[in-house]
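Structure, as structure tokens:
When the chains are written out, they are named A, B, C, D and E in that same order, and each has its own residue count from 1.
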Amino acid sequence: MKQHLVLRVVAKMLIPPILLFALYVQFHGDFGPGGGFQAGVIFAAAFILYALVFGLETARRVVPDRLVHTAMAVGLLIFAGVGFAGLLLGGNYLNYSVLAENQKAGQHLGITLIEFGVGTTVVAVMITIFFAFAGRSARMSDEDW
Amino acid sequence: MILQHLPALQIVVPLVAAPICLLLRRGDLAWGLTLIVSWAALAIAVMLLHAVITGGVISYELGDWAPPWGIEYRIDAANAFVLLIVSGISAVVLPYARASVASEIEESKHSLFYTAYLLCLTGLLGVAITGDAFNLFVFLEITSLATYVLVAMGAGRDRRALTAAFTYLVMGTIGATFFVIGVGLLYMVTGTLNMADLALRIADLGDNRTVLVAFAFLVVGLGLKLALFPLHLWLPNAYAYAPSVVSVFIAATSTKVAVYALLRFLFTIFGLEFSVEALTLTYVFLPLAIAGMFAASTVAIFQVDIKRMLAYSSVAQLGYMVLGVSFGNVTGLTATILHLFNHALIKGGLFMALGCVVYRCGSASIDEMRGLGRQMPLTMAAFVIGGLSLIGIPLTVGFISKWYLILGALEAGWWPVAVLIVATSLLAVLYIGRVVEVAYLQPAPEGRVVTEAPRSMLIPMWVLIVANIYFGIDASLTTSVAGTAARALIGGTP
Amino acid sequence: MIDIVLLTFLALTALAIVRLRHLFAVVMLTGVYSLLSAGLFVLLDAVDVAFIEAAVGAGISTVLMLGTLALTSRREKVPGRIPVLPLIVVLITGAALLYGTLDMPRFGDAGAPIHRHVAPRYIHDSGTEIGVPNIVTSVLASYRGFDTLGELTVIFTAGIGILLLLGGTGGRRRKDEEMEEEG
Amino acid sequence: MTEGLALALTLAIPFAGAVLIGVTRRRPNVREGVTLVTATALFLTVLWLLDGVLAGARPAVELLEVIPGLPLALEIEPLGMLFGLVASGLWIVNSIYSIGYMRGNNEGHQTRYYICFAIAIGAAMGIAFAANMFTLFIFYEALTLSTYPLVAHKETEEAKLGARTYLGILLSTSIGLQLVAIIWTWQIAGTLDFTPGGILAGKIEGIFVPILLALYMFGIGKAALMPVHRWLPAAMVAPTPVSALLHAVAVVKAGVFTVMKVAVYIFGIDFLAVTGASEWLVWVAAATVLLASFVAMTKDNLKARLAYSTVSQLSYVVLGAAVATSMGVIGGSLQIVMHAAGKITLFFCAGAIYTATHKTEISDMVGLGRVMPFTFGAFLIGALSIIGVPPLAGSWSKWYLMLGAADAGHMVIIGVLMVSSLLNVAYLIPVVARGFFLPAPAIDPQPASAGAAAVPANPGGIHEAPLFCVLAPCLTAAGCIALFFFADSIYRLLAPIAMR
Amino acid sequence: MTLADIPGLYNYWIVILLMMTGLYIVVSRGNLVKKIVGLVIFQTAVFLLYISMGKIIGGTAPILTGRPEIFSNPLPHVLILTAIVVGISTTALGLALVVRIGDAYGTIEEDEIAKADHEAEFGGPETP
């Protein structure tokens, strides 16, 4: 697949719009369908496409394992951290209303933050899973496929 | 302020520790963090239990959304006690874990292993603490997923760990899905997911076939998770082939938490008045419990792998717990809750002893136990005491459980059942006796020279063994807490 | 009526999956099954759910299953005989569920308990309490935000699990190097 | 020293002794010295308590409370005092004997042996002085478990099999039946304290009284009531000092002692007499007395014969409790002491014979009496005491038992006791008679037997077992005679419990 | 119940049929991948059950537009979003286990695995 020029060009053209769409879904979740989870999946899909076209090793260089693992942890920490922020500011755990001066602003801020956390972890986990499966298959294909 | 937020911290502290653990990357640091978090969780659980016993039920509204719109944590004596069991066992297991994990799991995976462990702990605590039926499902699945992985980590020693984990995954997922169906049906006819609210609304519904089916699905779903005979098929291999530390931890906690969830649904949500329930208790739980006690104990006698033997024994012991439930009286329920705690001590101690054997000998088969009484005296002494406790010899915790269980049977007027209870403990004499005989009365295999396990493993093991005796000699604390918990459940105060 | 058509298609797909032995086809049909359900979700006003089901059910899980097939085998062995016990179990379970439907509120009934309790507050007050137009987002992220934290933890757990099971690529490479050094 | 402290010491001394024995395991002389010192200290402590009890005091101490309302507590009453004296006193003698026997036979695992022995005695003390049924049960189980390694001592397949039977029957009856009975009692009476006059009167009636009694009687497996007597012959694989301890002192006496306690302090003899709940027990006990005697006659193995004799003799005690009269209770209690002295003598002798000649079958012992006159002399005294010939100890217990049976109107039982005496003669006396009056075979029939090789080398002379092995049976035989004359003080000690 | 109820329950009945099909695949099939497929079908059917109960005939998706409208119940949607995520997590883990089992045993058929285990335990040819 690496040698297929047309595919590479098409993929190169496709990936940016997919990424844009992912961002849109991420931050549009408040108004229409969408949110961190969906955005994460789409973002990961774009990346997987990249890996399929340009090869696993290239993809790995672009996004090192260490970064992926860190992102996986950080997303969850962001979510949980927002909860703690509510707690420190005088509310119960996960109370967003106290995050800003009025309830609506606080809720909005809180939701945006946690959706970002969700998105981060989901992207990272999806990429991890893909690498794990694809990594194996690459090995197999070299030796016995 | 901290005191007021204890319920949230109980869950969130280990939850947050998990990703941090991943970030630490180094195995020893991850272990240290897990250890600290476990002890913190234990401290929180102790404070919660104290607060509940002195001040009554605690309700914590997450996000400050009042139930039933938001998710509520609702802690009474019953789940505070379960929290204590889970975090207590975790606190004891971790010092033990270091050497054992180092010998069974490859170095590069240690931080991931402890991350999974923390997630498992989080899930167990979450199931116990929550007052929301769907939230319970979410945490149940956190635990389950983490447990599948942890069990599979035994593959380094025996590849059967993989199939064991897979079977567990399939059966566990069926169980979880049944549970979700049950919760869905309840939601359908009541419109709520909050347990206390559900209890009120179900009582108002009266005779309703949908509620009936929901009840059945919840019981089967949780039955799968708690390995209620004959839904226990996943358990023996999972316990037998998991890494030692995992065997200790899940044997002592995970089915206990599922039993707790069942109690919560039976008594708090459906309530003893729920007409079908009385029949279910008598005609379903009672025979299944007794069949499980006998069948599993008998199978245990013929096991070659001692870890597997203890696993079957666990199925039998779960029979005791379900039996206590089936009496439908406070004493029986007290026995069940008491046994949750006591059995955690017993099986924790026994599996730790086997962990020590595996650590030195590489396997826990009956052949490997030959002559160990002399070569690993402290480990085998612990095994013997744990075994006596399992049998229910006086001055051990096992006896206290049995005492209340028999009392419950007599109170319910079923004295033949009382005789059956003791009859099964005699089967325990057979399978424990077999190991003791081999360990003490047979010479060690030619050329095998092993020494005692490292101190970091011996001390936690003996802590549990001493607890076996201590709470067997002075059971006033545990019995009073269990009694309070049982009354809280049966009394209908959710 | 289109929902009934879709449901019927779903049923046909499911039955085909039971019968088929070629795992590649099975996986593809599973993807179709997910897509059909996603379509049904849209009809049932659950657009968010449809979105995820399409992305996850038809996308991710299909890719994963194909990956698994590539690593293992593509054909299912022909079973020896018709499994009677599973059939009985399934029939009993199904019968129980059918029995349970008898006292259910009817499909689409606005007077059903779930539309009268708890949910009305989300619909009426989330606009003022949260200020986000998508009620599903309000409930998901705020009212029941803790469930979502749990959900994220589940996904995280899966990630950890995969790393442990499939050996995290980093660890794997190191291991290979070690083996080379030894050899 | 207060009485409460002394009472606690009776438990502490043996357990401390066990620890010390473990510590001194590398030096056998010190280790055995510790055993002797511990035994003596224990006996003296018990003896120190005797005066107060004779004067009517009831020293008590509560150790701890296991479950609310269920304390682990000790209290001395006359019956327990008696059992405590017997057990601790005979431990001294048995220790002396053990030293001779274990060294004489080069037994292995001697430290384990002495430790278990000390623990077993501690448990026996706990049984003797238990203030309630719960405490008694705990020590009852402790006794079972601590004697298991003693039975399995030789670690041969046969020993393991015997030990398995031993543990299996004792544990299954105690957990399977006795525990149920105890919990049932607690449920209906709300207490398990040993109370003069019993705790059950008025709380249970009808068919349930005999059922509960049956749960107790068969649950107390150590009393060896048929058909739960199988463990006793099985335990014969143990070294002889263990058999002596098990069959004469600690274990079986703990069993019948418990029977007595249950009859007197749980049910109350009046309650039993009024309800007639123990009627069936009279017949079961009588049947056991006779049947076991018949079986004993068929055994050629000396220890097996003695074991069945014990089964038979134990039922005398049960009989005493079952007839539910004052005299019956006294007779049964006396039997605990008298039989202990007699039977331990017989076992000591059996062990001495084995140590000296390695013979176990009665038919091989022809003519041995001339070689081992002290041993066989002691055996004769013990046997006569068991049979009940005055002026030996055993005569008193039979006398009171007959009185008790007469009081209850069970004339048949008197007949049973007489027949039993005849049977005793039939299975015990031939052993002695053959030993003394038949000539030894000229050529040893078992030249292969290593231990026996020494005997023909010196056919005419005296060849006794090591000194300690001979000393012990002589001491206990003397005790059999002495007890006949001290029976009166024992009667006075026991009198309070038989008062209505 | 009467004939008039049938349209009101038809949806549920099909959903139940789907659930049972999935469950049947899980418990009757020996191929491990197929078992996972069965779980997916089973779970997806349960999602349908939840979403069906949230539907109000004539309602719309629960997104506030400013106009007064009848909304379908959003709560089941939220629950099922969570459940889908749990489902895919389980599936991914299950498949990872299948891959490992395939590596360790060389097969993913249940009966062949059982045979290999049996041989390993009670003598017979040891499979690597």
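Here, a residue touches a chain if its C-beta (ideal position, glycine included) is under 8 Å from a C-beta of that chain, and two chains touch if they have at least 3 such contacts.
Just so you know, these numbers come straight off a predicted model, no measurement behind them.
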- Message: Taking contact as defined at the start, I'd like the list of chains shared as neighbours by chain A and chain D.
- Response: B
- Query: More C-beta pairs touching across which pair, B-D or A-E?
  - Reply: B-D
- Message: Please identify the chain lying most centrally, where each chain is represented by the average of its Cα atoms.
- Response: B
- For chain C paired with chain D, centre-to-centre distance based on mean C-alpha positions, whole Å: 71
- Message: Using Cα averages as centroids, what's the distance between chain A and chain C in whole Å?
- Response: 20
- Expressed in whole Å, how far the mean CA point of chain B lies from that of chain E is 27
- Between chain E and chain C, distance of the C-alpha-averaged centres to the nearest whole Å: 6
- Message: Touching at least two other chains at once: which residues of chain E meet that condition?
- Response: 19, 23, 53, 61, 63, 75-76, 79, 81-82, 85-86, 89-90, 92-93, 95-100
- Note on the structure: Residue numbers in chain A touching two or more further chains are 31-33, 37, 69, 72-73, 76, 80, 83, 93-94, 96, 129, 132-133, 136
- By residue number and range, which residues of chain B touch two or more other chains? 15, 18-19, 22, 62-63, 134, 138, 141, 145, 148-149, 152, 181, 187-188, 193
- Item | Listing of all chain pairs that touch each other, if any do | A-B, A-C, A-E, B-C, B-D, B-E, C-E
- Item | chain A contact footprint on chain C (complex, rising order) | 47-48, 50-52, 55-56, 59-60, 63-64, 67-68, 70-71, 128-134, 136-138, 140-142, 145-146, 148-149, 152-153, 155-156, 158-159, 162-163, 165-170, 172
- Task: Would you pull the chain E residues touching chain B in the complex into a rising list?
- Result: 19, 23, 26, 32, 35, 39, 42-43, 46, 49-50, 53, 75-76, 79, 82-83, 86, 89-90, 93-94, 97-98, 100-101, 104-105, 113, 117
- Per the touch rule, the chain B residues reaching chain D in their complex are 388, 391-395, 400, 402-403, 406-407, 410-411, 415, 418-419, 422-423, 425-426, 429-430, 433, 437, 440-441, 472-476, 479-480
- Query: What part of chain A is in contact with chain C in the complex they form?
  - Reply: 29-35, 37-38, 41-42, 45, 48, 60, 65-66, 69, 72-73, 75-76, 79-80, 83, 93-94, 96, 103-104, 107-108, 110-111, 114-115, 117-118, 121-122, 124-126, 128-137, 140
- Item | chain A-facing residues of chain B, complex | 5, 8, 12, 15-16, 18-20, 22-23, 60-64
